[in-house]
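Below you'll find the structures, each written out as structure tokens.
In the two complexes that follow, chain A is the common piece, with chain B as its partner first and chain C second.
After this line comes the complex of A and B, so read on.
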């Protein structure tokens, strides 16, 4: 790339020929203020805030659309530029309601910041401002037109970033305003990106508005607890209540992206049905509130009594790596059982086995943004894996990546795909085969596949990939926030941490079906969902959960657990990237699963060592392959690091397990979302995949 | 078809000579009066030869900006993987301008022939005439002429028995001044909201549907057949150096004989008003002239003794623009003129960029207040200052178009604003500061 010499404010700098002046200035520590310019989005040049003086140009030039060229001399703080900024801000504020004291955005408003930095102190206008009433477009999106500066960021993020295009402009001139494509309401992903990206308080969030001022919140960077993509979310916490979720610092694997669940669906933590005290089934057969000490004592005694091969343990797809690790360790040692499993949603195990002997073939989230080509097999990504879908869209937009989709029905990727193939999920591999010629012409490829590809089909898909003659990486899709972690930590009936072989036990389904099961301990799962029942009617059932789920209703003892937003630890996303959870709030009466396991161990007189998240993580790092070389500074500062699991083949399983995705949509993820008021409000009709 | 003004003997009729002929819009009349002769000549020429003739003619864009047409034509890349297009800007919306209307109404085939010549020069096979929505009746005339051209082998495949093929369509606007700006016109043509595009790339490189596009005004295209018939040099010689040929000037306002007249570039402005236009009406004295549509700064009577060509008018501080010449007599209230002009631009601002969207609105509000008799002295400076703050800072020229006349009126007729303020019983010269 050719470099050119540019002089900005008297300082000579080198820049890539044709780079945008505003970016070149930023790289050299010079701010050219702008509202409508937004990195990664199409250019707008509408706000005129970035006007700068360029030598030999007849008038001020917009820095956001000006490519630098050799010998260009730019001044960003000269008198005409400073005056132009002042007048642009004067125009911007001329019709602005200046209701900062009651505006959600006050304190983190770009217009406010710019006015303080570049504006004048008073208005010269005396005429009446134009007022338009505020509109509500959806349960979560409100639009206040007078505050709007028409920077079109929302329109662009919806169209380009999300691939939805639910927003546009109506009317013209001073009457121009943002309007949903449907006229008066939104039919979209309800992701809230438009609210997030709004530089002023024009678009406000239905659940955050008027709740707090930004400076009154604590900002807790943690990881979303819903799907497997592991988006970093910054919780805004005030008075031990989460009032906002966003990621405005753009850190983490997702940048500023969040879907509806990440942005709003933290409200399950406040649901009135949240369990806040343990429940014990009384003589009348009813669940009755009990103290923690009584409940723990009862459970510890029963566990001690029933420990042995007929003890069943069902782990979680949401608990932290530390909790999953400790659970399987406790089950295999203290409880003396091999029957431990969890709801498996994707065949990562076979993929890892099929790739044994090879290195670096598990793709990361970032690689979906940088790879030259992507093949999506049997998944409705924009519904099931929203961040991965977003990365692919950005890749197409910025790098013109080639996308191929083999799905049973229409998906959003069709719009950007070079080729889409419609085949039933069972015939996915035949569909993939049709793309052989095109794919082999690509220079590299990432294959993303859903649960329809499992067992031998994974091996066949990998064989197909390896036969293309190009570098191919893979992502086996799973459903939940720590589905991948549960696998890595060995919450499996025949595989221990790091996929090493252990004595075989019962799979999840076998536990449910076995009439001889003496006890069942369910930690953060709901295996009896959908009317299923336990074959063993006498089994002593202990459930740790946030809510009285179908499984909890069958329990003899229910222990109220803390959610991911209420504890520390690490989780591993769908691409095997480890990230750190940070406690945002505490809910009275609940305990983290890690603490519950530790207390039960103590009650049973079992020594599990020091039971806290950091200590267990150290143990994981020492004993689980793939977790032994994670750079802690990256993880501790909110970064993500991909684990490299075993590389020597996974022992073949002798236990017939079931791998089935729950087929959640953008608006559901298992039991948590059932208790999210806001998700139920935005979801007018049950979402459907492939529609 | 009847013309609304009698022709003047002082006119030089090069592109308007068919106006007023019986059935002037029909292909028969056209063919009987040198019609499609330039096309037959051009079919024997190379594209470079055609462009060189246009360059030699010193023809400058008749839409307003006055960019040399031959140069614009030469910007269209010769080799292109994408198809190339012709687009005619018939979104004639500049207040005071009504020449394109006559060119379509009276001589649509001349425009079709101009398009064909442009297509030959740049290698286009398809074109659109974008006609403003208010010109609904012209669309019917144009469509009829296009149908006639197809039937007579002047459009479609094998034009005049050659290998040359060209398809031409009309497309209607929906009533936005902004769509007269070429990139907004292209957006509108593509079915999108009519807002301007970031340039570069210019339409010659990436215009309609991201393809190289030759986009000119109706009058510009309509002038090309004459240029090829008479030769570029001969056409250029009609005008003055750098401003070749003739153009249609639309005279309106306080004159005895308003109308559209064709005169050579460089024709004396006062001679045009007094001899062709029959002088200011009702025996009154001239106060000011807007020389080129409402966006051109007006000239005071004493500034009007100049020739009408691009450079001379620019030297006098205004623009030849779209040829919309408006005459104002001594009774004209300049505050009302400024308000009327600003009301137009405020109504037409597309809302894309901040200085134009807010500037036109607040200027209108302020001018309205001054005109209503509630103005303050500081308002006069503020009006001038706001207009100045719009100048050169907007995304497209609409902001400039609104600012230029305002700046000129405030500067040249400040006394009239002061008289308005003086009549305001509540006028306070200074703000009382709260200490």
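After this line comes the complex of A and C, so read on.
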């Protein structure tokens, strides 16, 4: 695009012809204040805060909607502009209550900051302010109409960003206010984006309100532990308690996006049923509280005694890469078993094999935003992979991307799709085939597929993609925070770290079904969920978990583990992007799984080397293909880096049908969300929004 | 939701009045005409109109809330609108409205128990030259006195 010369505050700058003045100013380090303007959302021009002086224009112009043109001369801090801003603020404050001392937003409020900057100390308005009582729209969303400055940010983020459209502005003049979708309450994703984006304290969060002041929290940037999308979340921690989760600094792969789970469902860490002391089954057959030293000693002794091929190990889809790596290393060396597995939720293994000999065909999260076409196969993305769905929506909004969906039921992507095809999951590939002509006309494509595509179907899908004659990238969807890491680290019965073939052992189901199993060590998993039982009645069972799950209830020893918010390490998201966890809080009595594994090894007299997250990561980087060239500065500063998985054949792994997605919705992710009080309160009927 | 063939024809015609891609501009007239047939702006009606114009229900709701002549609650068979805007106010509009309130025993946007008459205090309806003005459904009454208002109201009850 042609460049034009624009003068802003006497400085000549170059900008793309037609770019918005507010953006051009920002790129050149000049702030034009605005409330309604929000990068990435449609233009509103409602607040009048961004008025600037443009030479030859008869009056002040709104910088947020003004495209720059050749020779434009702009002043953003001249006397008339400052005066206009003062007046605008005076207007905005004419009905805005001055309750900053008790307002959640106080200290990080844009209206407060602007008032402070432009010093609007007095008001000419003497009328009585119109007061309306605060409304609660859902367990997590509160609305205070008098504080609202009607900037439409929440309306737009809900409609455009989330694709939900649960908010609107109704009535007129002084009575104008935000209205929720269902009369007096909200029926929506409960994602809380509206609360985050509110420039004032009008929309407040049910769990955060009146709890603290922003400056009294420690802000810990880590990664959400719920689904596999790996959104960066900044935990607000006060007195060793997480009081909020958001990502206002827009860092990480998700920018400021978070779903209901990332924003609110950290309260499981403080659930009263959280295990805080080890439990040992006593002579009477009951689990009894015990000290860590006693429990570790008992487990180490038993492990030493029972080590061998009949020892089963079930790893986690949530623990860090370091923990998964150390677990399989410990199992394969010290415990002498090949029977190690985890709950597999997507067929990444076959995808990597099907792509052998090719490079750069695994898409990143960002590529869902930049690629010109996206095909979603057999997944309800908005429910199960909220960040990926959000990226696709933004791609459609900003780049007019072509979206295609092949799903068994209605999905939110239908609204934005060029074409939606309804076929049963088993016939997904036939559905995809119907799109051949359209897809081959696209210039590039990302194919995102769910667990219905596994085994040979993955190969067929890849063959289809490769036959289109355009560049195609793939994402094999998995469910949990570190499902991908567990695969990459070789928590598999026939593949070691980096998908290298190892001596085969039992799969998860085979371990549960084998009456000869001598011992079962379950780290952060709940394989007995849903009434399943262990065939081996005599097996010595050790469970590391946060809660007394169905599996933990069967255990002989239960060791209380730390959650992802309580430890350091790295996790790998659904697209293979590695990010770093940072400890936010500590829960008394629990230990990180890494530490537990290390202590058990020491108890058994096994030398695993230095057991801390950084040392193990260095070992991973040195020994696991794909993790060897990750730029550490990016990871250490909270960024995400995609791994480069093996470029070569992967031996076929597992029995068909062993991979099963948990079909979680926006409001569930297995046991963690069962113990999130807030998430259970906001539970909505999945699919209710698709009509 | 289904409408009469006449209304459907009207809707079909309305959307042709606007340039391609701007069919949402037909929203207000569609709501106005539809309101007469449906009786009020019901949630189903909003959803249906939204669907036809590619708007979500919230966007329709926003418009309905903004315009006072769009009613979510059904008004009476005869909707009496008394103007109290500046010109009418100066010529006795407020007294006229008070009189109507007492006479009918109704307040702003209230409907008589039999559903026959409803009352609304409205803003300017462009009849300033003949203030104070009263409008019953689409019929205008100019330079109305309280006595004339009584006659009009009595006439409605027959």
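Of note:
Note that the second predicted complex is superposed on the first by the 678 of 691 C-alpha atoms of A that agree within 3 Å, B and C clash if a C-alpha of one lies under 4 Å from a C-alpha of the other, contacts with A are read in each partner's own complex, and residues count from 1 in each chain.
Here is the rule we go by: a residue touches a chain if its C-beta (ideal position, glycine included) is under 8 Å from a C-beta of that chain, and two chains touch if they have at least 3 such contacts.
Just so it is clear, the structure is predicted and the values come from calculations on it, not from any experiment.
After alignment on the shared chain A, the placement of chain B and chain C results in a clash. Between chain B and chain C, B touches the greater number of residues of chain A. In the superposition on chain A, A:181 makes contact with chain C only, while chain B stays out of contact range. Once chain A of one complex is fitted onto chain A of the other, the partner contacts of A:159 are limited to chain C, with no touch recorded for chain B. By the touch criterion defined above, A:65 reaches chain B but does not reach chain C. Looking at the shared chain after the overlay, A:420 reaches neither chain B nor chain C.
In the superposition on chain A, A:87 makes contact with chain B only, while chain C stays out of contact range. In the superposition on chain A, contact is made by A:171 with both chain B and chain C.
Once the two complexes are overlaid on the shared chain, A:47 sits against chain B while remaining clear of chain C. Among 1-9, 19-27, 73-81 or 91-99, the region of chain C with C-alpha atoms clashing against chain B is 19-27.
Once both structures are placed on chain A, chain A residues 168-169, 171-172 are touched by chain B and, in the other complex, by chain C.
Touching chain A in their complex are the following residues of chain C: 56-59, 61-62, 64-66, 68. Only residues 43-49, 51, 58-60, 65, 84, 87-88, 90-92, 94-95, 124-125, 127, 130, 149-150, 168-169, 171-176 of chain A touch chain B when the two sit together in their complex.
Residues of chain A that touch chain C in their complex: 155, 159, 165-172, 179, 181.
Interface residues of chain B, counted against chain A in their complex, comprise 176, 178, 193, 198, 346-355, 357-362, 365-366, 369, 382, 389, 392-395.
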